[in-house]
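Take a look at the structure set out below.
The first chain written gets the first letter, and so on, giving A, B, C and D; residue counts start at 1 in each chain.
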């Protein structure tokens, strides 16, 4: 998408086109330099937000970290404005995924003037790193990501059916445990018991709430072994779908001699009739 | 099933047929409206049950929530009676899955007059949402669910063999840990040690019971690594079965000779009668 | 194996053959009855051992449970002796898997006269239930179990390589954490730190030992995400092997017409050339 | 690699060649004996390091364990020097994987003279056991390991994309939880909240930090169920890749035309040059 913006620079004035080339492009030296500087700035600013939240560090370096945060925010604000003025359709950019992320990456600092703690939301800047994949020409990585996303899209419905099942199971088991264990054993309410059921079914098991009565322990055991069997379901779904997606990628080429598919990417000749493949 | 009931309305009086159409059907405007209102009512009534169990909320809104609960229960009671009188075979409906769920969805409120806390069981109403799949014509979702269920049915025996193995492992390891750790370290009895073994093998790990002696920790480590290896088994089973089920369904071709389906994509001849496939 | 013993009853005296038929066989009415009674007795005796270990129950029913335990042990002793005298090669039986399990199922009670708590080991009786599979003619279940075992045997070496890797990872990470966190944070010794690493890598996470220093938490995070990625390995191995075993089962029949394999179990005709299969 | 060193002993003096044969080789009786003694020495020395870190054992046997540690270190130092002098290119050996491991296996003891606790790092000696695979001619095991590594190499990119996703998820959820729960509930800083998110997403769940507010518990539930769904991804990737690697290796046929292998079982013609396969 950003590539389209870059190429589509005909209607821009010369200085707009130059800025566009540097900010959106990655083909010129300045374009590459800008992108690398940007990524370093993003990582440093996120690190600053993380460190600022640590009391011991804030007590000593609070002033410096605040300065850094404001510095990066002003920098990113200038960058955001430059992006807006250097594209032909500013609104289209502003509404795009990266446009929204870019905006959300500067708002929290200004918000923090009125709302304490809002600057923690600056970590959303980490999403801007996604540009990295474009810059470093990590096309192969994008290809792999597409595989993963295709398999996810195909298994979307199965996953939803699975999630409904999980929700039903935790609501019913949570309610039963609330009746069996009760507030005296930490199961204070049904929502909290449902929270316990989720913690147990997903095998996280904090131990902040755990059954104390023999009957409760028996039901909990049933939930755990169910969780153990249920965990097989999404994995099985995903593995099977991914296998199919990967196999389909092999079926793209059909042999001109015999019409059969199923050739590997590296194959030069049909493995059934020996005809040369394209 | 409910569709059958809907269509099979010939022997009913006009007003029975009308009610049947609205309550069981989803083809007319009133039928659709009724279904949507029903789903909203179910979700609201379940939410009320959940909120009622939270002490802080109950102290303030207890009276209102009780009113809501009784309101919905009376509504669902009327609906249940209407369902009974508007079908040709009331007993058949009453014995069906949804008939039982519909009944169980109203009983707990009446029970709560004699038995405190029984109304928590009202959460079973969540199962009524299953009707949603029919109403919203979510046939595709049902298809996906059938895939999952078919794979589960095929792996049923393997899962049972697996569960017997798990039970044997936890009983034997639980007993050994009871001997090694003993009541002074929280392993109060063999059943409780078995509970610990289940918590550990399923990788839930609450931490309410955990080994304290060096030997106990060594045995626990063995259980954990076993659990780690064992978790691979049901996932592997399910992934393999689901792959097969999905492959089988890939080709929906019916044989012209015998009409049977289930041929693989690469098949040229019917595997049942030998007729050439298209 | 036990079937062989049953059939091989030629050299036995009439009463020996009769006992053999009842105890080892499952074809006659008495043989079936004996087997069913035996299974009930095993389950009851294991239940008695479990209950005996619960203090509250022992205080009230201790005397009765002790009587039951001795009763079953004497019964199983008599049965063991009868098995020994009714087979042609008593030593062969005594050395077989079930022979050893049968013996281990009675010893703990006698041991408990000298060694308190030894009777907890009676739970090994649960292994005798394996006979159930033979008696109830659960051949299908045995078939499924064979699939699982075949896949396990094939992935044996991969699993061993995997286990060596896991052991190396936990020893090295355990030692590092011992240096980083130290006894003041619960990492009392390297073996205990290795125990922590196993608890973490297997995602059990009791929480009895957990990192307190920032560096320790960073290393722990690395271990957890590794564990997350590593858990994929045995599952992947097993799923892949099981798929192959299941596919191979389909390759057993070769078509007489074209020699190709890969037919499904239910196929009657070759799916490539249409020739009738055996 | 070490085999190459062994064979490449032409330019060495007779005594150098003899030492090389014993230390690097495993074909002669002395070579085998040396290797077995070495493995026993490694295991014993690692065990000594582990035991030394246990206070109770150190108090009683500290002196003996220190002696053993120094004994083994001197032994391994002599061995390291012998390895250096008996190869033609000492620097090449010193820079090789085993050369570095051999050096790291002796340094910590000398370091411990100046730096308390450094000797815990001696556990790195466990990596020397990797030689075991060569000595015991465990070629099959190496073959299996190669399978696992090949599948890992192929899924490398997918795993990296997956890890980036996980990192982004934990940073964003960690920051949100820091805002929602705050230091009063144990979420002291964003880095600590990210640590919590990792502990939760990987289903480890120590319970040292866990949400206390209703909103926090709802977000935590979302993280857990995500983790549950996300865990399917690397497993699915690995299972699918391993399946492909195993399928590819099924057929070891080399093409007569171009000598290349890697043909599928069903292939009739070489997929590289089109020559007919046997």
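We adopt the following convention: a residue touches a chain if its C-beta (ideal position, glycine included) is under 8 Å from a C-beta of that chain, and two chains touch if they have at least 3 such contacts.
Since we're looking at a predicted model, the values are computed, not measured.
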Winner on C-beta contact pairs when A-B is weighed against A-C: A-B
Interface composition of copies chain B and chain C: same or different, split at half: different
CA centroid of chain B to CA centroid of chain C, Å: 29
Mean-CA-position distance for chain B and chain A (Å): 30
Separation of mean Cα positions, chain C and chain A [Å, integer]: 41
For chain A, residues that touch 2 or more chains besides their own: 191-192, 203-207, 231, 235-237, 239, 243
Touch list for chain B against partner chain A, complex: 46, 49-51, 53-55, 117, 120-121, 123-124, 126-127, 129, 140-141, 144-145, 147-148, 151, 159, 163, 166, 191-192, 195, 198-199, 201-208, 231, 234-235, 237-239, 241-243, 246
Chain A partner contacts - residues on chain D that touch it in the complex: 157-158, 160-162, 164, 167-168, 171-172, 174-175, 178-179, 183, 188-192, 194, 200, 203-207, 210, 214, 217, 220-221, 224-225, 227-229, 231-233, 235-237, 239-240, 243-244, 263-264, 266-276
Residues of chain B touching chain D in the complex: 203-207, 235-236, 239
